[in-house]
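Before any comments, here is the structure.
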Amino acid sequence: MSLGIATRTAGRNFLFVPGPTNVPDRIQRAMVIAMEDHRSVKFPELALTVLRDLKKVFKTGDGRIFLFPSSGTGAWEAALTNTLSPGDKVFTARFGQFSHLWTDMAQRLGFDVHVLDVEWGEGFPVERMEAVLKSDKQKKIKAVLACHNETATGVTSDIAGIRSALDAANHPALLMVDGVSSIACIDFRMDEWGVDIAISGSQKGFMLPAGLGILAVSPKALRSTATAASRRCYFDLADMIKANDSGYFPYTPSLPLLYGMREALNVIFEEGLENIFIRHRRLAEGVRTAVTKGWKLRLCAKEPKWYSDTVSAVVVPDSFSGADVIDTAFRRYNLALGAGLSKVAGKVFRIGHLGDLNELMLMAALAGTEMAMLDIGIAVVPGSAAAAASAYWRANRDVPLESFDRSCETTQSQAVGSLEV
Amino acid sequence: MSLGIATRTAGRNFLFVPGPTNVPDRIQRAMVIAMEDHRSVKFPELALTVLRDLKKVFKTGDGRIFLFPSSGTGAWEAALTNTLSPGDKVFTARFGQFSHLWTDMAQRLGFDVHVLDVEWGEGFPVERMEAVLKSDKQKKIKAVLACHNETATGVTSDIAGIRSALDAANHPALLMVDGVSSIACIDFRMDEWGVDIAISGSQKGFMLPAGLGILAVSPKALRSTATAASRRCYFDLADMIKANDSGYFPYTPSLPLLYGMREALNVIFEEGLENIFIRHRRLAEGVRTAVTKGWKLRLCAKEPKWYSDTVSAVVVPDSFSGADVIDTAFRRYNLALGAGLSKVAGKVFRIGHLGDLNELMLMAALAGTEMAMLDIGIAVVPGSAAAAASAYWRANRDVPLESFDRSCETTQSQAVGSLEV
Amino acid sequence: MSLGIATRTAGRNFLFVPGPTNVPDRIQRAMVIAMEDHRSVKFPELALTVLRDLKKVFKTGDGRIFLFPSSGTGAWEAALTNTLSPGDKVFTARFGQFSHLWTDMAQRLGFDVHVLDVEWGEGFPVERMEAVLKSDKQKKIKAVLACHNETATGVTSDIAGIRSALDAANHPALLMVDGVSSIACIDFRMDEWGVDIAISGSQKGFMLPAGLGILAVSPKALRSTATAASRRCYFDLADMIKANDSGYFPYTPSLPLLYGMREALNVIFEEGLENIFIRHRRLAEGVRTAVTKGWKLRLCAKEPKWYSDTVSAVVVPDSFSGADVIDTAFRRYNLALGAGLSKVAGKVFRIGHLGDLNELMLMAALAGTEMAMLDIGIAVVPGSAAAAASAYWRANRDVPLESFDRSCETTQSQAVGSLEV
Amino acid sequence: MSLGIATRTAGRNFLFVPGPTNVPDRIQRAMVIAMEDHRSVKFPELALTVLRDLKKVFKTGDGRIFLFPSSGTGAWEAALTNTLSPGDKVFTARFGQFSHLWTDMAQRLGFDVHVLDVEWGEGFPVERMEAVLKSDKQKKIKAVLACHNETATGVTSDIAGIRSALDAANHPALLMVDGVSSIACIDFRMDEWGVDIAISGSQKGFMLPAGLGILAVSPKALRSTATAASRRCYFDLADMIKANDSGYFPYTPSLPLLYGMREALNVIFEEGLENIFIRHRRLAEGVRTAVTKGWKLRLCAKEPKWYSDTVSAVVVPDSFSGADVIDTAFRRYNLALGAGLSKVAGKVFRIGHLGDLNELMLMAALAGTEMAMLDIGIAVVPGSAAAAASAYWRANRDVPLESFDRSCETTQSQAVGSLEV
């Protein structure tokens, strides 16, 4: 079968990897700026309001925002090196490629990482963690690292539950949360959940290009920086605080990203954070309905409680490769899907449904995925995704966040395909 | 039924009116330019190559290109006033809103217009015209005005046939063709078809914003300007020729549109004109299949020979209004469809499928249209458009222009809905 | 002498032709938009507010604004053909290339043009006109055409004086004013001055690319359209009124220019119209001081009362050519100056000082002009322009419009160079 | 004295801080892109050619390029942590704020830094270093850190000389060079000079926004990464190599900056690296002539051999503050100058003359600086900068890099003002 690009790449590329996400035109426009002096008397007006308004997105009052010229990976490192000393014990769970990478980083940076491995498709093992914490009588564990939304498997974990477990164990460990693919898409409550460091990046819910590592840091975590002996300089929070206090940065910031973030925050507040969560829930449920009821395929996420509202990993039937779906979708239909990574490589493909998105964009993605699957021989029913998603979206309009029909649960258990990882 | 905008306007607007069309990013970029001196020594390089390369799109060797700062309507006027004198007899046919408007203009500008009214849904009546021409023994008819693609009804007419009829009648009338919604999308052969003035605009096949009226004028038509007594100044071809000859314009041109046109021509030549025609045919047939086989609705165009590859007017079932489909699609699904105009107002809605387009963009449009129809009670089968279009596109890949399955013919005759206009 | 481009075209081009003018970044950004349906329910919000707010710039309450996809030349034609009938008598004065072209257009469109020729360098001859009007006992003159700011010579005429003369003659002729290079830069008071049609374009004071012809039309002028027998269609005001009344346009408008105009109006109102006039006066006086006191050259404008605040035409010493100054400035210094046109070709070069401009932009222009003059052998004192302009600008800060030092008068009379045209 | 913004901020801001520099329009355009899948089959084409072509700018054949989402500061850190182990001895010299900051970083990251303090205004003390190296019999010094162009004082150091000294001492230390404000502006020869790590950022000679830390690393330095025990993860070269080898990045890259870099490289190669060096030399000498011959002020750089072609630090007369010049220039004239930092705070202001620049842009900067100085009472002669710079530029055209008149030397010694730091 020829996989040449049939009709050149006329028309729009449909970007459905789980990040970077589509940049809305008005944010794109806001980044088309002439360079300016980042040490001018005028500059702090921009910097200070951006730093202030980001707190609302993290739902924090006491927390302090940090913006690093880096990817989200850099923000992971900043979180660890600013609060911990080499040899410090940290707890984490690994249930996908991104929780794996953060774990790996913690090990490479010299921490003593207690890692629980969890089957991919499930989320953070709150109860198992609670047991570990309770057994840590000497409170040697200095931090718990949790991936809020595991982008590799499409699994969202229960951060509020982690906090409850920490409290139940009366454990003082810092709670550090990777919210790269959740924050500004899925509800995240830094203060209410007692998160000490929340980490994000510019290229997902914030609808910007990559390039800003974002941290929200609690007063408790900030205090820990005084004694944290890990070497750091570029990512040093103290340097940043000193410059930020007067509205500046310790080194040349990316002006387009700062102006873009200003506009992204405007966009977010105009839609309303809670409306954004509802939209992501509604769109995600439509996708899941298309996958499970339409195509009768399984999600990598094992149970509805793990379903991610920002990304769905779809398990391909046994004799097929997710990579072929992705390749065909890209070459023939100008559609970019996310690949299965590491343990689930070839077994899944991923549909990102986060950021600036609506029903018809997803209809295009579902149609393209369906055609690509048919092209390589996967026997889904043509039009079934559109039928299922449209039925869902038409029936679930203007409902509160908790009231969406989430009946994919049943369908899922009856679907063909399995994922042994 | 509430038609409030349910999920704000997150995500991309899907633009499927038959113009303006989507501007590809690289053309968008090309228009982001600083102003410059349009009388500089450097400017002619841009102007002359644009004027030269446009000839290829019109498939003319001898013809001369004119670019006016105007809409396509202005180019209509330029065609008439530069070649005709008040009272001159012109022949035209009226079978949709745009052929009507050009007719109306010709009357208002003082010409003696012989107009044949044709049922909307059909195209230019070549045989009836030939009869008229043959009876015009004194060759009083100075021009034939023909709308190549009637955007209001989705009907493409046979320009080569008109030329044959003119030749058969041995008639010297100028042949003026409105190719606003056809040129650069549907095959157009100025020299081969003996077209004297071909008219287009920047906002359809050229994938630019509106603002450039484009004319290609044959040597014969240019000669007629010497004696044409219609008053004209802004649209005077002679002024334009004098300035263009050295690469300038008689008044300040729109620099972004000129730079945009330069890039549009690059885009067109990179895909290849013939490939563009094939893509438009293929996409259009998919849409027609979705409409007739999927939804079992009728097209306004009465027969396959009239089917337009750039726009489809879809007849809504009797008790419904096309305006409701359009309004629901726009408010709920961020989808812009074209309205039924004049005689077919409310009876049809239109899907533009021209310019920078691919399968998935159309899948989004079809899905949104389907949802909107379902929302207002039109009993189409959910998913039927996606099923039909995807089957068509998957089965018709890499085929030459004349080899596409055009079996919609049969379906069309069996479809529900009728259009008495 | 080699005039090759010495240091390639690194760095910014300095655009000092009197239009198009520099587009500020925020207006540039506002034009980077996706196309949209210009017949949507949402569109009128944009169109209606733009049409409404433009009235403030023309200082009219009763007048009606029209926006045509055209250059300013198109707006000239719209003014004439909508209000006059072929053979109607119109009065005008010719004192530069643009007043010449409008006169020429009026003749070609079939009006009986009574034209007074005035020496270039002077402005509209109010008294001579008054005499003509008074002798027109039968009120045969239907319109007076006046060029507010003659861009070719840098001369501003007294429109209020023309109104007084019309009133003194008790003459009902329509007063049509070309404000292409004055409106939004120099004070213009449509209602107070009894202007019936004011004409402008997007590419000067409005800081946009060319492409919008703008008219403000008084109720009296609108009434005259009912009987005006000139043929018109594209530029027909009645068609425009019908569509505009509901917020639409009779043919596809240029969306980038409309969004750009929205932002241009925001920019104008933020600075404040009166502040804009003061800025133009202040900058212009600095330029004139540099020319006359610094370089000791003459302006084409013969007396201070004619000095234009938007463009200065500088007379080159006898044995030199303005064209050489312009060519050297462009090739060597990336500076675009305006050429002398027609009667003053070669005798002057022009510095546009209108639109989005500040002192340092002009300093660059003056320095580049000075270097180009020195390069071709004109013996100006190096640094003299910067010294004179900086002295002027530093001494004239925060003064009201009428209080600027305008002492160039004296200098002018002592300057070398003469202009016999 | 009121320093209010007199004429609002109409017109262009003149950016003359020594970075970020002005982004040329065509690079600006190249960054206006839709997001795309950075793991697609298509992506490596972009990444690999950018990485390959950057080698030409560093003049390296064997070296390997690394692009980090970071500022130049991040690249400093990457250089140190990838090649050194905690406690390793490094040699450096401190003669300005940026050489100070890199020194400080090396200390904070746990290295044993041997630092020579040099008077600000001078450059890297090659001979003193050679003595130190020769006395390092045990070759304990693992790296020499040198700042090629000290942005704080406008001083360029002799990297070739450092290599000679290393060779003379037969010393194996790695040579790490900060070329943030020199590379792509001033000649830099990585291979010829035996540089092991060259560091730059996107926001200076590369004419992009900040956000890319750039390293060119020699094979020798790459080998040292195997044993370097410094903890690193985000900046780990090994991770980057693994991903880069196939054309990808270990974490989401900034797509606009990559596309921008592609275009920046096109721009650089079109002008030609050597022409760029000549242009910077020529422009810089003009500025220095204006400062020393025109204003009769001193440069911070003590001798011509230290003069930087990318930035000039100008010493203000004793009773004045550089901060007042900067503040007045910014508020009144929309001109951004660089501040004096640390030891020279208040004593100097800085004019950046690097990146996409030409004569007239500098004329604007000089004029604005001159007006600001006059405004606060510094008795420079009005117009003297324009006179001096224009004389220089007019006299020094089309000369080879080494042939420019560099006679500022004499002037400098006679100038008023002194800098005791």
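Letters A, B, C and D mark the chains in the order given here, with residues in each chain numbered from 1 onward.
As a convention for this text, a residue touches a chain if its C-beta (ideal position, glycine included) is under 8 Å from a C-beta of that chain, and two chains touch if they have at least 3 such contacts.
Predicted, not measured: the structure shown is a model, and the values here were computed from it.
Novice: Going by C-alpha centroids, which chain is farthest from subunit B? Tell me that one.
Specialist: For subunit B, the chain whose C-alpha mean is farthest off is D.
Novice: Between B-C and B-D, name the chain pair that shares the greater number of C-beta pairs in contact.
Specialist: So, comparing the two chain pairs, more contacts are at B-C.
Novice: Distance between subunit C and subunit D based on Cα centroids, please, to the nearest Å.
Specialist: Chain centroid spacing, subunit C to subunit D, equals 44 Å.
Novice: Can you check how far apart subunit B and subunit D are, centre to centre, with Cα atoms defining each centre and the answer in Å?
Specialist: Spacing between the chain centres: roughly 55 Å.
Novice: Suppose each chain is reduced to the average of its Cα coordinates; what separation in Å results between subunit B and subunit C?
Specialist: Measuring from centre to centre gives 37 Å for this pair.
Novice: In subunit D, which residues are in touch with two or more of the other chains?
Specialist: Only 12, 22, 28, 32, 34 qualify.
Novice: Draw the chains as points, connect those that touch, then say whether the picture is a line, ring, star, complete or other.
Specialist: If you draw each chain as a dot and join those that touch, every dot ends up joined to every other.
Novice: Across the complex, what residues on subunit D touch subunit A?
Specialist: 12-13, 15, 17, 19-23, 28, 31-32, 34-42, 69-74, 76-77, 86, 105, 108-110, 201, 203, 209-211, 230-236, 250-257, 327, 330-331, 336, 338-339
Novice: Spell out the residues on subunit B that touch subunit D in their complex, using ranges where they run on.
Specialist: 25, 28-30, 32-34
Novice: Please name which positions on subunit C make contact with subunit D in the complex.
Specialist: Touch list, subunit C to subunit D: 2, 6-12, 14, 22, 32, 270-271, 275-276, 279, 282, 294, 333-335, 356-361, 363-365, 367-368, 370-371, 374-375, 381-388, 390-391, 393-394, 397-398.
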